[in-house]
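Each structure below appears as structure tokens.
In the two complexes that follow, chain A is the common piece, with chain B as its partner first and chain C second.
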Partner chain A sequence: MSGTPTIAIRAGRLAALKGLGLVLVGILALILPLIAPDPATTGMAVFTVMYVGLASAWNIMGGYTGYISLGHAAFFGFGAYSFGLLLNHLNVAPGYLPFVLVPVAGLLTAVLAVGIGWVALRTRAATFVIVTIAFMFMLQLLGENLVKLTGGGAGLALPYSHDWGGGFFNVPYYYAMLVLAVLALVISWSIRRSKFGLGLLAIRDDEDKALAVGVPTRSFKLTAFVISAVLVGMIGAVYGYYVTYLYPQFAFDPLIGISMVLMAFLGGLGTVSGPVIGALLLEPAQMEFAYRFGASRLYLVFYSAVFLIVILLLPRGIVPSVADLVHRWRRGAAGPTTTARGSREAVKAASP
Partner chain B sequence: MSLLEVKDLSKRFGGVVAVDSCSLTVPAGTITGLIGPNGSGKTTVFNLVTGFIAPDGGEVHFKARSIAGMGPDRIYALGIGRTFQLARIFPRLTALENMLVPVRRAGLKALLSRGAWGHEKERAMEMLAFMDISQVAGTLGGALSYGQRKLLELAAVMMAGPELVLLDEPAGGVNPALLERIAERIRELNRQGTTFLLVEHNMGFVMNLCHEVVVLHQGRAIAKGNPREVRENPAVLDAYLGT
Partner chain C sequence: MTLVLEAAVLGILTGGVYALMASGLTLIFGVMRIINVGHGALVVLGAYLSFALFRSLHMDPFLSLVVTMPAMFALGVVLQLVFIRPLKTDREALSVLVTYALALGIEGVLGYVFTTNFVELRAWYETASFAVFGFHITWVYVFGFVLCLTILGALFLMLYRTSFGGAIRATMLNRTAAQLIGVDVDRVAAIAFGIGVATAAAGGVVFGITNAFNPGSHYDLISRLLTIIVLGGLGSLRGAVIAALIMLVSEDITQVLISPVWANFVFFVILVAILIVRPQGLYGVRVRDRI
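So, the complex of A and B:
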């Protein structure tokens, strides 16, 4: 094929460009607190990176298998509360030590996720969505009513370090969130490229067919669900430690659950980079919006508008749509011979 | 010896008896046809044998091992593959990825590693070439023609090397030229050692391809034999013509 070398060079250049972009974004993320040290910016950065992690973690279940959980805030809140209780009951001194204990909150979340997943994954499609929402509200109610354990509506206080005053306070949490976001991305990326990930995508496309070709759908779905939940739980733990005070309605906030879904949808469901792009676009915009219009909750209108635009104009999300454009551009630029030949082959094969 | 042995298999849906103590055998190395009028229970038998629905009664033995009540993924792992009516493939995966889904890998490490991809892709490409559809390896399943989907589904189910393959209407909705190609590929795979059980309405296709034919009527196997015997069996004519 005459066009092949050109395409190969273009593909190589594109991969190099991607790699370079990734390195630049990585460096920027690492030095951000140095170049923009004011607390307003670092505070926004903590939440933005938190949502990068949340959306990526949610995507492992929702994007790859197509099982849309709107109740992942259950794991977020559970991670936060279990971490808070852990710190309080073990009298852990505030500072850097609690960050080391974050995986324990992840482990506890795993136990919960196995239980919830066991039940919820007996359903499919819309029923699954509703069951996950129901579990989220059940946990919120437990948080409100198990007063002896959680403090109920009065809230749960977490220890915090008095040494991290002023401009520095956000920085440790920023890096903790960054570590978890990178962890979620690495896991998402390696699943996407594994046989396990291929099985998840097969489940998304046609679950019964996947069963027929030997994909153990039940255990695959449950595994993806638990991995996704554990990451969300650990992020919730760092969130709890950051905000230092937990209330059931804010830790088990349906909006947190919906935000991560919206970000994954906006960026591109089932892609590795999509949720990252969705979170980087939406979270700063939402915080800016909330900041400008105060506590009016007008940002909810903004959210629904974004949701409508995504569904109407970009139903597949940014990343797949842009990838399509690039692909078309590359094929067009490679010369008409390639395309003509491609379509000829397609026609030939279609009518044997 | 029979590879697959179905004995007194029954399944009812509410008041409808779909399969009524049906018994049939599929000898190893054969291409066996399962025919019968619409609603005679052919697809239900397929769903029972492959574990998609649980039987109300009766036994299914594969290589002398009872498999009734097992899930589809386990039955697939034991060596029974199937295709569906109207060719089901994964529309948002490429043809090559469609081929890789059925590949068996044992253990957690293998599931997460990427080391074996190269070898598996090579085998997948060979199988696609065998079906004459290697040119669409990079095309999304949803963009393939119906004929290509049929060939891809058959190619993919062969990837785990099943001993027995159940084909649900392999000739359904396919033009005569492609029909001949599908028949020829099934014959070749059979020569290489795969046993087939197929449901089909196209009698010419069945009579041409099958070594043995089982006739189902109202959920029961009413006749069996080689194609010529079955064609001349008066009970079969009754079932089809309703005299």
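So, the complex of A and C:
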């Protein structure tokens, strides 16, 4: 990199701009329920922040290692159900106390994720995708069939607080989701800058070579898988508490599993900020569309159209495309080629 | 015991249908290295096309294949040209997402046109049955089985006895090498995709007569079909046929011996077992970094 002063100043400015933007977004996220207290907005905010967390968590596995899991809804539903059962069997009073138990649901999800990961990670690429889908349907089926435990198709009721009436109801859930989303982001960011993260990127670029140079691929993949699943499970737990009634086909919804993938793809696979941007753009749009056309199922067509456009026109996502533009602008006309992307990112990741 | 035998016979007959649907899926994978997650939705679309022809023209469901199979072949070629061919980088992962999106789009359109109520294809052989050694077998299962065997047979003949089939198999083995010896792999891919989608139409008719379906039925269907092709080994037609028979027979036997609600579960148990013992499936080949 040529270190002329102007470029250094520009880079410094860019970093400052980034930091300022981050602070502004953080403040906005914190005070959102105060400036827009109506339930329609806060309700949308709960789901948007939920997807920020889900997409970021998914990205830790799917983006960094390149192992595309389409079955993360399995962990989402499992987190929701195990949390609901925990509350019901321990007779936890509704209110703020249940939020303390969310990590317990995360822990249970970890146990499941180790099991699923152990089997699924024996496969690669296409087979891995299929196996994750299969596991999701397997859990959905268990949710339907273990009637004594889950209530089956009749659903599972969770306790909810009667004190949080009216406009306030969404607020505690919003902050709970926000905490989890920030947690997912912090974990994602620190993995991206760690040696572990570098190993994951190496696996994405060429797993056999990574193994040959001494990356413990098996344990790295499993660790990333479990971290990602635990975060998704905890978010599922808060979701279950929020919707207060769980049904197998909605808790283990393939659309939830594919939504987080789409958001990560739209924003930029394997970047920290990509899934956030993808979720912020897509979830409000999806909710608006589902609200308007939900009854006619046309919203599925909308969803599919967005999906196809993103993948065909912007296969690398928003963040990498913009980053390339910025690079080109900083370096003059000769921009880096796309093939150099993986290694360049790896270098960036290695030097914090 | 008779019940178990009857279940096994039924399993083989329905297994034939799944063998046909799964071979379309595995053919597409073999040629293009893409997983068509939309295959289930295409099967449901095929069923709905026959349903529409039946409703408007009172056309017999099996006869309607004369219309729907070429139509679905054309649709498959178009889908391949528009959505699959443009994928240049990271094809395998992206194609899963693209075909998933296609499935959602098909589900949405079908839901809009036909509503989400369950429908069924009707014909005289749907309920009429005959007795063999004391079992009662409904005609539709036999017709469906024969139809699927015929199409599967034609598929195998085409693959192993024609030069175009040779081009397909060459592309499956090694895309670059096939290109080097003068195979137009893009054309092969488009036609193979069309064939796969056309077989989905045939599978859809039999599926539609033996099951009530709605636009959302494809989720259940695709999870079974994907499990079958993983069990058989991705890209192996022989594997898909054998895996379909194993799966459906064990499912039907579970239904009789344990309970109908657990029948589906057998699929997953077998899948997990096979992945632990043989991650590449029954007839799969373990290629470096690709399985």
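The working rule: the second predicted complex is superposed on the first by the 328 of 352 C-alpha atoms of A that agree within 3 Å, B and C clash if a C-alpha of one lies under 4 Å from a C-alpha of the other, contacts with A are read in each partner's own complex, and residues count from 1 in each chain.
Operating definition for what follows: a residue touches a chain if its C-beta (ideal position, glycine included) is under 8 Å from a C-beta of that chain, and two chains touch if they have at least 3 such contacts.
Bear in mind the structure is a predicted one, so any value in this text is a computation, not a measurement.
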**Asked** For A:Thr217, is the partner it touches chain B (first), chain C (second), both, or none of the two (neither)?
**Response** first
**Request:** Have a look at where A:Leu312 lands relative to chain B and chain C in the superposition and call it first, second, both or neither.
**Result:** second
**Message:** For A:Arg193, using the defined touch cut-off, is the partner it touches chain B, chain C, both, or neither? Pick first, second, both or neither.
**Reply:** first
**Asked** Between chain B (first) and chain C (second), which does A:Asp205 come into contact with in this model arrangement: first, second, both, or neither?
**Response** first
**Request:** Have a look at where A:Ile68 lands relative to chain B and chain C in the superposition and call it first, second, both or neither.
**Result:** second
**Request:** Please determine whether it is chain B or chain C that touches the greater number of chain A residues.
**Result:** C
**Prompt:** Is there a shared patch on chain A that both chain B and chain C touch, and which residues make it up?
**Reply:** 206, 208
**Complete:** The chain A residues in contact with chain C across the complex are 66, 68, 70, 119-120, 122-127, 129-131, 133-135, 137-138, 141-142, 144-145, 206-208, 254-255, 258, 261-262, 265, 296-305, 307-308, 311-312, 315, 338
**Asked** In their complex, what parts of chain B are in touch with chain A?
**Response** 50, 52, 71-73, 76-77, 81-82, 84, 88-93, 97, 100-105, 110-114, 132-133, 135-136, 139, 141, 145, 147-148, 156-157, 160, 175, 177-178, 181
**Request:** State the interface residues of chain A toward chain B in the complex, per the touch definition above.
**Result:** 190, 193-196, 198-199, 201-202, 204-206, 208-217, 345-346, 348-352
**Residue numbers on chain C that touch chain A, as the complex places them** = 29, 33-35, 37, 83, 86-87, 89-90, 92-94, 96-98, 100-105, 107-109, 111-112, 116, 215, 219-220, 222-223, 226-227, 229-230, 234, 261-262, 264-265, 267-268, 271-272, 275-276, 279, 281, 288-291
